[in-house]
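Okay, here's the structure, questions in a sec.
Note that the chains are named A, B, C and D in the order they appear, and that numbering of residues resets to 1 at the start of each chain.
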Amino acid sequence: MHDPIPQRIRQSFDAQDMMRTLGARLLQAADGRSVIEAPIVPGARQQQGYAHAGLTFAIGDSAAGYAALSLMPEDHEVLTVEMKINLLAPARDGPLRAEGQVIRAGRRLSVVRSRVLEGETEIAILQGTMIPVPL
Amino acid sequence: MHDPIPQRIRQSFDAQDMMRTLGARLLQAADGRSVIEAPIVPGARQQQGYAHAGLTFAIGDSAAGYAALSLMPEDHEVLTVEMKINLLAPARDGPLRAEGQVIRAGRRLSVVRSRVLEGETEIAILQGTMIPVPL
Amino acid sequence: MHDPIPQRIRQSFDAQDMMRTLGARLLQAADGRSVIEAPIVPGARQQQGYAHAGLTFAIGDSAAGYAALSLMPEDHEVLTVEMKINLLAPARDGPLRAEGQVIRAGRRLSVVRSRVLEGETEIAILQGTMIPVPL
Amino acid sequence: MHDPIPQRIRQSFDAQDMMRTLGARLLQAADGRSVIEAPIVPGARQQQGYAHAGLTFAIGDSAAGYAALSLMPEDHEVLTVEMKINLLAPARDGPLRAEGQVIRAGRRLSVVRSRVLEGETEIAILQGTMIPVPL
């Protein structure tokens, strides 16, 4: 079966302990787009039982990062320069789905967006900047 | 011994499973300021072994939130409306220290800032908006 | 001929001296969407002759604001709580076109986005929060 | 008399037509800090007579940019990558004073902050990223 995710991106994601802690899975990363899915594990909740903003941010930021990485040369990694998140609605049941997208790919910087959904409900939108880093 | 953290804030923090997952501790929360400390646990790293941006965001956002909550009426909680993070330097060893601060406390919204340090090195700055929510 | 812009929005826009200074025109504002067009007047350039980020921000922010206002009750105005802009490309010739859009309309806050184009080229994207203010 | 502003920065500022339109003056730009002052000219107001967010943004962004430029090599200009503004209070009388500051100067990017005041009142805070551009 065809894996829609290049091997180097798969390896990068699998090396992210934080994604494992959150139970997140990378479902797609190619052509400037990426999708990450995660349950709301008990250890990722805030004081009222909703998904912690840290969880929502982590998968939204990572989805944006892998979208950017999918357009970068082979021997590079990507780092977040800055990211802004607007939280739209609380999420309690999950799973969460983060969809990342490159808005403009540049040699020096890439501008990215992502959105995080619970089912059909958009719970957060993110907008930020990624920088390529030679390995 | 005097605990510099009001009981309702202590309870709110202790109910945040995400903070427990990250090993974070609330050291201070009063008068519009708060401090959270966290190690870089193995489960909070990114693919190169550095602290994941999700960890840095989570404690920076929470520090800002508890700073805001410390100025709100008793029967309220606080939610993040939006938050922007600029990442300044990677952190590998920890512990991380997040210092939150209210810039302007309002009835409808509070504007907050925080910074995250590893030792003396500032690794991130955050600027955002919190909203009070009646319990 | 049908004016696609409600009268109160037209009046609000016409009362914005800043929009007149910039030569900006409101082309549309209804149903959570709005469009503003502006030339790059000589007085709105930066040191290299490109459109000043202040111009790009001003029309992008206003487009987002009127998109939000179009979904608010009659006796309200709208204020920007916060706005984040990523600049994608310089613009020299103009005209600029700002397209605003409501992502989530709420009773207390609205989350908005806009993008600014020069011809077909996206030169900036904005993401922010608007608050209704009773008149 | 000593001018606390290097000549190349003075020239860059004077070439910004937008700053002239707004009546803005550069009072300081050295060592990673800068100050810009501007009246609230009639042509820079919004629909309720307050300073337009575009004015507040323009001087806050420019103050941050000149703070960054003051730490860059001679043959470079600076461009805004992204900027986020939180508006704290409306301003009606002016003058406005924008204070820019470099938080971290880097070879590839600089992280900056600024705040805009009317008298003693903070009316906006900004946080963003600047990129050096060879002339």
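Just so we're on the same page, a residue touches a chain if its C-beta (ideal position, glycine included) is under 8 Å from a C-beta of that chain, and two chains touch if they have at least 3 such contacts.
Computed from a prediction, not measured in an experiment: that's the story for all the values here.
Student: Fewest touch steps from subunit A to subunit C?
Tutor: 1
Student: From the centre of subunit D, which other chain's Cα mean sits the farthest off?
Tutor: The most remote chain is A.
Student: Write down the chain pair with more C-beta contact pairs when A-B is set against B-D.
Tutor: A-B
Student: Please report how many Å separate the Cα centroid of subunit A from that of subunit D, as a whole number.
Tutor: 33
Student: Let me have the rounded angstrom distance from the C-alpha centre of subunit A over to the C-alpha centre of subunit B, please.
Tutor: Centre separation, subunit A to subunit B: 21 Å.
Student: Could you tell me the distance, in whole angstrom, between the mean C-alpha positions of subunit B and subunit D?
Tutor: Comparing mean C-alpha positions, subunit D is 29 Å from subunit B.
Student: What parts of subunit A, by residue number, touch at least two of the other chains?
Tutor: 81-82, 84, 86, 128-129 - these are the residues of subunit A that touch more than one other chain.
Student: Can you name the residues of subunit C that touch subunit A in the complex?
Tutor: The touching residues are 84, 86, 88-89, 103-104, 111, 113, 122, 125, 127-129.
Student: So in the complex, which bits of subunit A are touching subunit D?
Tutor: Subunit A reaches subunit D through residues 81-82, 84, 108-109, 128-129, 131.
Student: Sort out for me which residues of subunit B touch subunit A in the complex.
Tutor: 12-13, 15-18, 20-22, 42-48, 52-55, 57-59, 61-62, 77, 79-87, 90
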